[in-house]
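By written order: A, B, C and D. Residues from 1 in each chain.
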Amino acid sequence: MSTSFYIGALELATGAVLVCAVMTLWRRQVRTIVTMLRLQGVALACVAGVLAWHEHDLGLAITALLVLAVKGVLVPWLLRRVIRRDPRSRETAPLINVPASLVSAAFLIVVSYVVTSKLTALAPSAATRLVPIGVATVLVGYFMLVTRRRAVSQIVGLLLVDNGIALVTFLLTAGVPLIVELGSTLDVLLVVVVLQVLVVNTGARHGSFDLDEMRELHD
Amino acid sequence: MSTSRYRRGSILRSLFSKARTEPAAAMPDIVPGIGLRGSLQLRHVDVGSCNGCEIEIASAFAPTYDASRFGARLVASPRHADGVLVTGVVTRNMAGALERTLDALPQPSVVVACGDCAVNGGIFREAYGVEATLDSFVNVDVRIPGCPPHPEAITQALRSLTGR
Amino acid sequence: MTDIGSSLGYGFIASLTQVVLVAIGGPLLMGLMAKVRTRAEGRVGAPIYQPLRDLRKLMAKEGLRARYSSVVLAAAPLVVLGSTTLAVAISPLVTTHPLLSASSDLFVIVYLLLTGSITMALAGLDTGTAFGGMGSSRAITIGALAEPALLVAVIALSIQARTSNLPTIVADTITHPVWTSTPTRLLALVALVIVVIAETGRLPVDNPNTHLELTMIHEAMTLEYAGSDLGLITLGAAMRLGLLFTLLVNLFVPWGVATGSSVLGLLAAVVFLVLKTSLLAVVVSLIEVHSAKLRLFRVPELLAGGFVLAVLAVITELVTR
Amino acid sequence: MVLFMAGLGCCVLGVVAATVISLERRVIVVTLVGSVGCLLTFTAASQVLVSGRAESFHSSLVLPLAGINLTLDPLGALFVAMTSFVGVATLVYCVGYARGELRSRSALSLLLVFLMSLLVVPAASSVVTLLFFWELMALSSMLLIMVEQRRRVETRVAAQWYGAMTQLGAASILLGLLLLSTKGGQTFGDIRSHVAALSPTLRSFAFVLTLIGFASKAGAVPFHVWLPKAHPEAPSPVSALMSSAMVAMGVYGIVRVGNDLLGGGTLWWWIIVVALGVVSALFGALHAVTSVDLKRLLAYSTIDILGLVLIGVGCSGALAASGHPRTAHLALIGALLLVVSHAAFKGCLFLGVGAIERATGSRSLDHLGGLIRRIPITTALFVVGALSIVAVPAFSGFTSEWLLLQGLLHGFVGKSSPTLIMLLVGVVALALTGGLTAVAFVKVIGIGFLGQARSTAAASAHEVPRTMQIGMGILCIPCVVLGVAPGIVIPLLNRAIQTGHSSSVSRPVETGIGLSLVHLRGTIEPMLLLAGFVVIVAVIAGANSIRRRPARKVEAWRGGGDRPTARMQYTATSYAEPLQRVFADVLRPEIDVEVTHAVESHYYEQSLSYESRVGDAIERLAYQPAIRAVTRVGLAARRIQNGSVHRYLAFGFIALLIILVVLA
């Protein structure tokens, strides 16, 4: 497999991950957002796959398949079920309006580029040069966690952060040991399931997924 | 999700399927003196109609009759139009508006009277608040009788102007 | 480019070809998009060459001048059509050596189009009617918000190609086919598609065939025009559409554009261009069929998205260099 | 140099003439003498620019202690030439414009003093000379703002703000330059030779201090608050001089100190400059879009354009610091060309607003309209300026912004990420302001000059005196010439940027029929573009006139309703409302809607009043609290002195004792 093709494919897949992250901020329909999340999972799996192919690393290949199965298929499916349970979480209710959050996303991306430029300079390679994109994904995910109201979008934000971290680890270490990746992925899965149960039950009891309204549950 | 996928498929299919429209009727005789050659924009003016004609006009441009395939179109401004499509009998309140609309037409222009009210006053001719019949304002080029006229008649009349 | 005289002659022929092509092709593109829409709605619809018929008729009709209107109203159609035509003549649509190809700079093209929109906005205000002002205000607002996305996307392309000269960018892209699949290009492509949809007043930003003044943007500025003036403006709008679509296609799928200086290559390029552009038109109008018009104050969200994608394009270029 | 001194002499002569000559011939004589002086300085400056050889002059007589040192080097000469060009136009304009207070002895002499100090500042080559004439410039302009203070009280407020800001700025410049001249010698030559010996921290201190002063003169946010107050209140010729020449002196100062005296400097200096530029560009552009008062709008657009210039200067400095001299000079040339063309079009626009005020008695867009039919010549000249600032191709604004963009664009080849980020931010700011500036000036032309008159005054406007039109016309010439044939000035700019960069740089821009970058791929030929446009329009018009019928005059169409009235038009406020709503988070407009319902039913409205004000957020949030604090301190201080002589003597006595104790 020629290096130029390898680099091109890697850049495309990585770029796709970040674009999906931005899209989740841009679109209002939660259904579309979940679709974006699925695409991001697929892109992440592609990154792992390309790296695996380039490094001839079987463990990484298995990880890629795992990522595809969990983040590309399973998690989105679970999220869809949450949405289907509750018609009112069809639209995200952003605390910061969409243009503002998009502009701040751009700002976050610039920031991530600045902070990681030193780090990438240490070991410049095709993969490490793309680390800023992974960091940017993490930051965008955090931003979503902070500024979105509905519980579902909170889950999405969390998953964005997780994907970003996974991307960074792939790019920096060209694949963590299989068992670690396995653990982290299943961990995320667990979190999603728990959150889903929580969301659905609170929804059933209080007929609301709005975290602001959940604040009243503390006593 | 599934429903939307179905819609998308149907649209793509419709692009290549043959259109579901009535076969075009025989060419009517073209109104002499107006060479619009397959392009006719009309500004619709309702000077006091019961909205029966409006419904029929709407269906004349709807998929079933689809007058637009003969080059006819309704437009927003008389400046863009080749004529007015008048419905209803001329009431006092709309007389001024009608005159201004006619003045705003670039020449050459046509006047189409759609429905009995516009053609000869119809059942409202003697009614209170009616200024006059359309003929006393302007000489009408095309008359579409009927209360309301059948979409086919409207389409026929438009084709007599576009000549397609 | 052996001998100046011949190259000049070739450039002239090429530019003339481009102008004629776009002047006829622009209206046909509009007809094609309308056709796709009507077929999708289950109608036959007007023939694809209907816009040309309308133009022929409009040119024969008299123009009207509103009271209180000034020279601006009369001159606007000429300026709009003229600036668009100049942009068409110098930009690399069928060949990379049109007339003035040295100064067919991306920023020149962008600002020529901006000049056209500014003139249109002034014409809308000239008659002193409420509708004209409304259309002008909305159009200029959307233009002002689309401008940054457009410029930044353009700059992303220029950074990649190390120049902002359009023919050079197209020629280099043909020699470096890898560029077309870099994330920079793809992000810039998405951003530019959004901008082009906004600039040409298509759905979901503006509804080109609305009859209700209150929902109009571009149409509201032309409400005062009649006859041949309206014809010029409609032709200008159609050519703008054609130019933007063809540029979009050539920047991202440049193959088929004539790089040599043979007339035969020119003809082949014309055929290629027609095919590529009509394909794009069909795709765009399918998108249109699927989308409802946005509220005026949701449009900034769309354009902000385009802007961020453009910034992303620049940053990925910086990262992946 | 003789010519230059002679020109200054003419200005002094003008001051004398203003005080002695009787009223009826005063204006004409003074303006005549002044313009002769400006022409002389212009020729002197252009000689220097063409030859590239600096000329200097020293006299210990004029100023006590230090004497004055003047050196006319290409960089200074560029600004001198610019100022004298604007000066001529302004003085010619004054012949027709001057009325009432402006014809008084004091006003006319002050005008010439202001002009002279503007001419000397860029030529000053020693700290004392620079500061002296800088102060002279500040004071004379401050007094000129107050010329109409008898009629309009708000001029006093504006003058207060302006005075405070400019004095603070001058103080920080003084400090900075003093720091530089600590190593002996206060002439610029000495500073250049000694600057290497200074410690980096000291140099940075000096740069930041001078930067604050010069940036506040250049109207950079957050030091801009004086500008939108002072420019509107001054008489139009003065605001034209202030906005086109005096504001540029800020840029001159930054370039002189940063590039020349300190010879480049480090990256982070220029990062500050770019940051200032970006903020001012966006802030100015947004406020220009929403303002209704014409002069206020122009003032904010000055902040906008100067912000772009600062972006150019800063990026050029950063590129030079990170080792890309060619692109650095490209950006700098773009910035300087933008300064020059800004002087032309902004001067033209301010004079134009003066003409509008003379013709209609109003400055508010919401009272204007339809002027194109009443005052066609003024309108045409104003439109030339507007097209130039909107950067329509083949006008000066476009050429300069193109050069600036090319400089930033080709800077991206570098690798140092801070520079790249700055370039990115600068480019984004340029892109954002481009569209907003277009909106602002489409609004001005469309609302102000087109449509129907919104007031009887506008409906009965009369064309202004010929001399005022000539004054505007003179400034329109560079707007067009720099746009169509920029090749004329580029060599001069090439020379101007040589100063400071000890290593003589290769010219970054070639000039043929158009401009083309050296060793970089980028060309424009505005002349050919213009020719092509003219040909195309001619062809279209010809083809169109063959078949067209004569156009008929009719009523404007408004949906069948009767004749449109002026009240139905869009106003400046409503025109910008969508953008104001989009950027509401930044602009913080204060909107109050007041509805009085009919007595019969709550559902009918008797009257509805809508008011929306866009104040200066920075002034409200940053300056007002500071002012309040200062006032409190002042009140506290008042308690100490109650007017009793004994207490004052006691103060003196205590002070004496303390001194003795300290000395002992």
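Miscellaneous remarks
Note that contacts are C-beta pairs under 8 Å (C-beta built on N, C-alpha and C of every residue); 3 or more make two chains touch, one makes a residue touch a chain.
Small disclaimer: the values here were computed from a predicted structure and weren't measured.
Looking at subunit B and subunit C, the chains that touch each of them are D. The chain with its Cα centroid farthest from the Cα centroid of subunit B is D. A comparison of C-alpha centroids places C closest to the centre of the full protein. Between the chain pairs C-D and B-D, more C-beta pairs are in contact across C-D. In this assembly, the C-alpha centroid of subunit C lies 36 Å from the C-alpha centroid of subunit D.
Each chain gets a centre from the mean of its Cα atoms; for subunit B and subunit D, those two points are 59 Å apart. Taking each chain's centre as the mean of its C-alpha atoms, subunit A lies 48 Å from subunit D.
Inter-chain centre distance (subunit A to subunit B, centres taken as mean C-alpha positions): 56 Å.
Along subunit D, residues 417, 424, 549, 552, 554-555, 557, 582 each make contact with two or more other chains.
For subunit C, the set of residues that touch two or more other chains comprises 61-64, 213, 223-224, 227, 300, 311, 315, 318. Multi-chain contact residues, meaning those touching two or more other chains, occur in subunit B at positions 77, 79, 104, 106-107. Screening every pair of chains for touch gives A-C, A-D, B-C, B-D, C-D. Looking at the complex, you find that subunit A touches subunit C at residues 4, 8, 11-12, 14-16, 18-19, 22, 26, 98-99, 102-103, 105-106, 109-110, 113, 129-130, 132-133. Subunit C makes touch with subunit A in their complex at residues 178, 181-183, 186-187, 300-301, 304-305, 307-309, 311-312, 315-316, 318-320. Taken together, the subunit D residues at the contact with subunit C in this complex read 369-370, 372-373, 390-393, 398, 402, 405-406, 409-410, 412-413, 417, 420, 424, 427-428, 430-432, 434-436, 438-439, 442, 445-447, 450-452, 514, 516, 520-526, 528-529, 532-533, 536-537, 540-541, 544, 547-559, 564, 566, 568-570, 574-579, 581-582. Residues of subunit D that touch subunit A in their complex: 417-418, 421, 424-425, 582, 585. Chain contact summary for the complex, subunit B toward subunit D: residues 45, 77-79, 96-98, 100-101, 103-104, 106-107.
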